[in-house]
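The two complexes that follow have subunit A in common; it is paired with subunit B in the first and with subunit C in the second.
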Partner chain A sequence: MSLLKPFSKLPGLNAANILLVENEEQLQQRLADALVEETAVTVNVRLAKTLPLPLKNEKSRPRIDLVVFIINLTSELSLQSAEASLKYLDPGYFLGKVCLLVTNARNASVPPARLDTVRKLAASLHCPLLCAEDQTPDGVTNAAERLLTILKVAAGLVPMTTALYLSNLTRCTVPSDIDQQGFD
Partner chain B sequence: MERHSSVAETPVNSVMVQRRSGSKSFRQSYRSCVGAASHLGYTPGLTTRRLTTSRRAPRSRTVTESVNPEQLSLLVKKEWQLSYVTPLHHFRHTQLRSYSRQLLAFIVAEKQQGLAVALEGAESSLKVVFSVVEGMATTDDDADTVLIQIHSKSVFASQDDPRRLVWSGWLTCINGSPDYVRSLPKDFVCLPLLCSSGAQWLTSLVKSWLERAFDCCIGSLDINSVNLQWLAALWTNCHPESNIGQLKLMWTLPVDPPLEIAFTVHPQDAWELWSSMRGQLQEEEQENEGVGEGAGDKDSVDIDEVTRFIDGLKNHFYRHFRLDLSAGTLSQVSTALGTAKHSGRIKISSSSYMNATLMLLTECALLKMPV
Partner chain C sequence: MDDSTKRLLQQLVRRIPTQMLKTTLEKWGRLTTEQQKSLDFTQPKWVLTENLLAFCEENGWTTKHITELEMIYVTDSPNQGMWYAFQLLDPEDDAPSVELTQFKEQFKIHLTELIRHVSIKIKKHTDEAVWIRIAWGDSFSRPNHLKPTYVVHHLQTPYVFMSSVTRKQKPLLSQALVLATRYTAIKDAHLSGRKLTAIRDVVMKQYQQVFPTKYPSPLLEQNQTASNPLIKREQAESSENRHQMACEAFGYGMVPQLQTAVYKLETKFRGITNKTMTERGEPIRCVVKFTSTNLLESFRNCASSGIASTPVTPLLSSITQKGRNFFVITDNGRGPS
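And then the complex of A and B:
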């Protein structure tokens, strides 16, 4: 199986590589345009619809520092495709180099069970769950800024902080029943 | 309730409060702070905990026996627009006559303000009737259903001419969550589901009168795709006892221009698929547990069975047309027992399984209500 491996290549100098995986291929282009505007670091954005990535690019592909799965909650297919793609990542990515980005979380037509499924998935993978608003340019810029923060840490460009340390602070948690009873 | 809102708004402060003294090691106390903050920040927790995962299969209810057939005929075969209603303050089932007078006066006053009127004739052509539909409540906690009708007649007609029904609506609560209903203070009556049909301007007038008179909030209720799937499964489950005609599902795909797919399934095929899904799940349960407990579960329907049923239909469609319906949203479900649309419109065509449908809709309304 062609797994995407996090540490098999050498990193670039003052560069960070991010991979955006989205089944609908709508938000990733706008997010990519917002991400490359960063000037302090050279950000390379790679776009994909699903994993596994094509083998012919294997040699020329740089080391991917952060993999972001964009899930549109209004479509069930989006969630299924993201879950299927997760299997093609090497386990080394789940130490802080994976992020889930969710759009349309506030949409009334979305069944609430779907967001709960995504939260449970993010909690089981110990990765952060970001909610983004993709209809306005401001929303896209905000999402890009948040991704850049995580990307810089994952690429090792922030001193004294590693991806694993950051993921411990930002990971999505799901309250268990025992905690919930004590709440009242 | 204030405590809840302050926790939701200022999670940072609560972290400070929760931080333990320096007796424990730094790392342990930090981790406990992070844990506390992350779970106090989310209120009220996962919604799936509040959603029912299994329901009782509907039976040809004794609704027809306990409810006056004339009143029942007013409720079926008409398309209703659904709304949720928060509990009504000081609503008395004994004061319905005075409510009719108040509502009529309100409508007349609003009309005189210069709103666009579609009715011909003077104001006295309207008549409002509040009545109670007895026998619909299933449990002791449910309040009786209240039916509101607005009739009109033209100015030139005589007294004997029949009045035309211009608007009708009914407030109901069928098997509402007993914990919630019992936890309300004494003055409140819980009737969370409002079904209305008629002119739009009358609907908005009635809603604003209800909001003012009983200090409640009324908002539109959508039926999301999971509940539409529940309805499809529950109606299909009724097939052996009363023929459902056909099972028709409508999907909307987000392409440009938007594509609408109407998927009609022959009732016998739908029933075979449904019963094979249920049989499969019960066999698996028996294998896993090793005890024959599955046989007694014929009464209840699980969310797993519903998901599998709909997945089966989607797979069949994919095999024939290479279109994955998961990419779209389920917008309408219709059988001979009723039609339900995503926009919040429901039509109950047959009175036999009305209760199960209304139970599901009451639950939707209770969940959608701002708590």
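And then the complex of A and C:
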């Protein structure tokens, strides 16, 4: 079992590296295309289906600054796969370098309990939870912009702030009414 | 012109879509140039039907002429109705030398011997297929042209495709076919679908197939889209691998459009969670049915995106390998039978 570590490698100059993990491989390519259009910093994107990552790419892989798990809420498998992959991350990542991105949250076929599960998961990991629209190009660019903001901080490119500091503001908290649905 | 001819023409015009009506009538070639010109295809269907009925009276068309028109329409749109594939077995020595006229003659002789009131029409289509239209009657009634059976056979191949055959007619038709094609038996190929072209492509393996290879395949090169150097796939190799295996099982590019696959299980219940079911002696019966507008495409996508595990289970890959989409799975360890 090889853990992915946040500080095992040296950072590149004016570069930010992001890892997109998605079991279905539907959105990640489009999201990656939108992410690399950023000109102020060099954004390297790595795409993976699940963690752990193959050992033989270990050498060529840059330091990963932000890990994004893309979860398609309509599919149970997508959530399970993300949960399984989380175990292969070094605890250091959970200090602001992990992010959950949820798609299809408004879809009518999603059982309402599943979004709650994801929110609880995000809250327990102290990481932010973003909801994205993956059907339209606008939605994808929008999601990419939001990820870039977090990525720049996580890569240490924004002065006066750190990933840990930002995560205190952005991390998901479970609203108190989530568990109280049983009362009525 | 009698009533049944009129009804047949009415029913036929109703079936043919408006955009196809003009070309079909032109192909038929029974209308005079003036009649052809006087038809306005922007008018509603019922007006056209009235006009055609008038022409029918004028030209003295009989049922035979109308069935000709119907055959033209059906051969031009083969992807309608339910088609069933059958396989001919054990050819006799002269089976490969059967040609069209002989087949026609033999088939007609053998079928009329079995059932007296029957109307048969045989035509060769452009793509080497022989189309047979049979209108059935019974011993007291004349052939019913409103519910004909269509049979398609490619000469020199052991496959026959049938559409709308009742249980009563099937033995008669099978016997006539077997005798006319010089084979000794016929069996159900357990393949059916709404598209004749698709099931023909599956049984005759006329789609782009991919074969297992040790060396980097051309598929790999085609998949490498001009990608950005900044974007890298970590598990590119395994996804290529999955794609390759999925294509090996279900074909590459456009795959034949099958609609269903049915698995009938007659196996013992196995599972630790439910003890009463496991200890029951008799097999548990259930039917698993997959439906989609393009089943093979869906399976291929499931396998290549990793939703279904690869290598693809033989249960699924035998749809293309064995050319069938109905399976009965029993317990004696022979796998899909």
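Simple rule for what comes next: the second predicted complex is superposed on the first by the 176 of 184 C-alpha atoms of A that agree within 3 Å, B and C clash if a C-alpha of one lies under 4 Å from a C-alpha of the other, contacts with A are read in each partner's own complex, and residues count from 1 in each chain.
We take it that a residue touches a chain if its C-beta (ideal position, glycine included) is under 8 Å from a C-beta of that chain, and two chains touch if they have at least 3 such contacts.
Keep in mind that this is a model prediction, so the values were computed, not measured.
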item	value
Touching partner for A:E76 - first (subunit B), second (subunit C), both, neither	first
Partner chain(s) touched by A:N14 [first = subunit B, second = subunit C, both, neither]	neither
Which superposed partner A:L53 touches (first subunit B, second subunit C, both, neither)	second
First (subunit B), second (subunit C), both or neither touched by A:V45	second
Which superposed partner A:A32 touches (first subunit B, second subunit C, both, neither)	second
On subunit A, the residue positions that both subunit B and subunit C contact, one per complex	77
Of all residues in subunit A, those that touch subunit B in their complex	74-78, 80, 108-113, 116, 119, 168-169, 173-175, 177, 179-180, 183
Subunit A partner contacts - residues on subunit B that touch it in the complex	34-35, 38-39, 42, 45-49, 51, 222, 224-227, 254, 324, 326-329, 342
Parts of subunit C lying in touch with subunit A, wherever the complex brings them together	228, 230-235, 237-239, 305-307
In the complex with subunit C, residue positions of subunit A that touch it	19, 23-25, 29, 32-33, 36, 42-50, 53-54, 57, 61, 77
